[in-house]
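Take a look at the structures below.
What follows is a pair of complexes built around subunit A, which joins subunit B in one and subunit C in the other.
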Partner chain A sequence: MNRNLARILAALAGAVMVTLPALAGAYPLQVARNIMLYMALAVTWDMLLRSGQISFGIAGLFGLGAYASILAVLRAGMPALLSIPFAALLSGVVALIIGFLILRLRAMYFSIVTLALAEIFRIVIQNLVDFTGGPEGVIMKGRIFGGSDSGIYWLTLCGLFVALGASYWFEKSKIHFALTAIRNNEVSARTSGVDIFRWLLLAFVVTSTIQGFLGGIYVQSYGFATPDSVFSADFTLLPLAMALLGGIHSTVGPILGAVLLGLASEYLKLQIPYGHLVVYGIIIIIVILFMPQGLLGLFRKATRGGKGRAS
Partner chain B sequence: MILEIAGLETGYGKLRVLSGVSLSIGAESVGLFGPNGAGKTTLINTIMGMNRVWKGSVRFEGRDIGGLPTHEVARAGIALVPQERELFPLMSVADNLALGAAFIPHVVSRKEELLEQVLALFPILKERYRQLAGTMSGGQQRQVAIGRALMANPKLLILDEPSLGLQPSIVAEVFERLGQLKKTVSILVTEQNVRESLRAVDRGLVLENGAIVIEGTAAELARNPHVERSYLGI
Partner chain C sequence: MAVTRRTGILIVLCIAAAAIIIAWRPTVLIYGIQQAGLYAAIAIPMGLVLGIVHIVNLAHGEFMMVAAYATYFACKALGMDPLLAVLPAAAVTAGFGWIVFQLTIKRALKAPELNQLILTFGLGIVMSQGVNLLFTSQTRKISLDYVSASMDIGDLSFGIWSFVFVAVAVVYAYGLKFFLTRTTLGKAALAVGQNPRGAAIVGIDVNRVYGIVFALALALVGGMGALFITKAAIFPMVGAPFTMKSFCLVAVAGIGNIPGILGASVLLGLSESILRAFRETRGWADIVFFVLIIVVILGRSLKWSFPLKGRKA
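Up next is the complex of A and B:
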């Protein structure tokens, strides 16, 4: 994307995000929070995808973070705000342990294992009835910041900035080289001195930590958690669809996809409350078939005649 | 000696491919010849840590590298230009070259100087610096692959079948470049094109059925009746 245009758009988006709490009511703020949350998840999913590893475990780490946060408050009396970085830390440690076991796997084997792990987290939490509240979940006495819409908005924005900051770090540092090399050609990456396992582990732990952080923010925003709500397939499918629609292997693509699909989802939820996920499925199929590089890829093709940035 | 291999045995599963290979390479260029299936690529993969050593040893600058993972072998100073080019096709030439130095700790500070050397050796890469590597011709891609390997400032450069899939005029150019390179780096090159490569290397080894059967200078190999009959078509 043209750098000046990107800067102008980023400045405009920043201005809208900063002024929104002062201008908008509760409903638009909640829509904005949802979009920011899914945008952050989409960006983290894409960060790992840059290595070629496709994770279907976003909801697992997100739900784990959500439960870590709410249980830290309810069972250990931890302050709500502190419980969010605690959730991130716990998710990161779990990802580190799991990573040692599963990051030797590639392609669909890795994807299936991440999907299975998310389900295992859900089942374990659902069955620890005394500690987690079981299928009925747990409820806090109140929400973070006394339920202040603008307070929760700023908190979610903070979560988004953490994800965007990490993604920018991935893009602008040696990590970009490492992950792109691994995705392009593992043999050449190894023979160029890339320690594949180490970089994959870093990407997996960082993205999982942020997903846990976002789970903590989410649960503190709503004040309750049930296995069905925080481990919902929405937290895997929506970010995935957003990143695919906007364009993978970049920070801008998932942002673009999240804005478009986030706004569309609000409309679709009202029109077909129980079937909007079907529309996401259709979007994924259409994007994979007809524009595998997403909208950003189409834009790059149109502006540069197909000579895109190294991806 | 830079590389010393003694009594090397290895293979895949229960299949033994190399049975007691011994060789050494000093400050020179060495050609490794043999028919398909002789074990040339297996030997290279074993040196690079991609294959397990069953028996024997692989020593590089006196250090046993037999059990090291590939990225550590690369960091120790051995660079590989694999068969079939094995580029990063969706990266630009610039990124391919930069990646060659990015993960080798002792050369990171010298990457600008190394880049200049590589671009001087392969001027076409300077012209195509921003082009995606996967969109270049076969010969140019081979130059990118060699250039990337040289960005690691290796002490030993291994090339696996560098002429594979290239037209004859490009093959001659590749071997001309190898001739220039051997002044600054030790080279081990495997080749099917024995005639062309004997002009570029100092010494040659013939690997058949997992063992070195002939060893000598390039001139000796060119006169050897078995080499003449089996590899030079005389």
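Up next is the complex of A and C:
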């Protein structure tokens, strides 16, 4: 019953997504793109969280991918469409190298180092003035697909599907068991033969690759990159708030949170141009204190009378 | 013992480096020490909270920023000198911290560590964005005459006001050490930090101690916030880098080792000062703390004989 309902909802959502470019104007498409982008980031953040590691470094890998993509086009003459997978690859490789170092850290040490990542990448980009354009950033001559709104929409949708697909893969394969075991108790996971470092590295590299990929899509759809725009704290804060509000450790939770907060943010941006992020901070605090499992957790409690999941 | 040998080598290296710098450019050393004092004075309260309450307060720098804003507006309204506001700012920030602790952090103490991280991250966002919302992102500064006081030794001239940060850092570090080892409340706090359950068994009200220690740490942060505005311009995001640098220093010193924060901040302040001395490397100074945290923490995690929860202050 419940599963059928979920399928119907998914089919409906899919139908809306596919028909949107034909029906809606430029502004709704732009809103939809933003929501999809943050949704994808929220899902990737949650994928790593399933292993019990909190990353505050989404903006870092995202911005890195953005710069990789735009610089590949500007400096190496790479075709725009090809530069996006290139950005993903580069972010993945960087994440592999960094992961080797920082995944030996746990809990708060890991989190704080990732919190510093965005700042560090920003400083590096800002200082390589000749190559990256420094604090002023770089501008491309035109946007991808000649700036066609529907083209960019499909591209972002593609990014979202990559993130959702990866998340589904994480949920349905044995990765799910490995990450859950690590999250619950590292010692018992290790005694059961789970190679903790390898699985964490896999999760970190996969999520970082997708974040770089999304960064590439973002920069190609706007046609410019400055350190302040692509390493903006928004790219860490919003996905985090969305995933938390929807419900962590699932694919559905971040999707739900992203739709709700994404729509709300469009309204808030108009009402409070400066400082609307304060709302996300408040949401984070309320969710952590009063409903750590998010809306999804509340929903489950309500429908199943407080019983846990059957599986 | 590995600890003493390593510390010995480190001290020798530091003295050698300092000698080279003095011979080459004395102002680099002086400004490095002053910067180190600022970092240490802000990091020490974080070390206190981390060592006893076992919470990483990601809103640490934001608390200082809020204290600085409060001082700024109080001084503007009353025409008061920020120096007179140090104690009131400390008291007000401590009260503010107490309320925040009771309303939010206390409820998350039993929750997983990661929830606390996200919670304090959220608190930081609320504070910085709240200030942004109320007062915009415009930078604000109070000009004071005595801040530009300088001293001449031979043909060398340098500002001396920032030495006040060094003094504050030393007072904080040794004052806390005295508090933790000589007073009843301090000893109770230390006991709670070492083993909350054991402390509860011998009759210490653990949650009350947590609240007091948190408020005390915020009093120290608040005092620094008032001092900070004498020297620097403030804006809503001014606190964020201090959160990360403070954590870096606390981690480098080892959690619970409060006087060690002084040494760690000298290392950080001097390295940054050296990099800032050259035009080519100036922009890279803010990357030092990251390198430091990676090198030190990794060095420790590779050698398990060197536990992160080291000596207690």
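The criterion applied here is as follows: the second predicted complex is superposed on the first by the 307 of 311 C-alpha atoms of A that agree within 3 Å, B and C clash if a C-alpha of one lies under 4 Å from a C-alpha of the other, contacts with A are read in each partner's own complex, and residues count from 1 in each chain.
One rule holds in what follows: a contact is a pair of C-beta atoms (placed from the backbone, for glycine too) under 8 Å apart; a residue touches a chain by one contact, two chains touch by 3 or more.
Everything numeric here is computed off the predicted structure, so don't read it as measured data.
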Query raised in the report: Just subunit B (first), just subunit C (second), both, or neither: which does A:K174 touch?
Result: first
Query raised in the report: Where does A:S192 make contact in the superposed view: on subunit B (first), on subunit C (second), on both, or on neither?
Result: first
Report task. Determine, under the contact definition given at the top, whether A:I288 touches first (subunit B), second (subunit C), both, or neither. Result -> second
Query raised in the report: Does the superposition put A:L81 against subunit B (first), subunit C (second), both, or neither?
Result: neither
**Report entry** First, second, both or neither for A:F56, with subunit B first and subunit C second
**Finding:** second
Report task. Applying the touch criterion given at the start, work out whether A:A107 contacts subunit B, subunit C, both or neither, answering first, second, both or neither. Result -> second
Query - Touch count on subunit A, higher of subunit B and subunit C - result: C
Requested in this report: Report the residues of subunit B in contact with subunit A in the complex, numbered from low to high.
Outcome: 48, 50, 69-71, 74-75, 79-80, 82, 86-92, 95, 98-100, 102-104, 132, 148-149, 152
Query - subunit A to subunit B touching residues, read off their complex - result: 174, 177-178, 180-181, 184-185, 187-188, 190-196, 307, 310-311
Query raised in the report: Which subunit A residues qualify as touching subunit C in the complex?
Result: 52, 54, 56, 101-102, 104-105, 107-109, 111-113, 115-116, 119-120, 123-124, 126-127, 237, 240, 244, 272, 274-278, 280-285, 288-289, 292
Query raised in the report: Can you name the residues of subunit C that touch subunit A in the complex?
Result: 56, 58, 104, 107-108, 111, 113-115, 117-119, 121-127, 129-130, 132-134, 136-137, 241, 244, 247, 251, 283-284, 286-287, 289-290, 293-294, 297-298, 301-302, 308
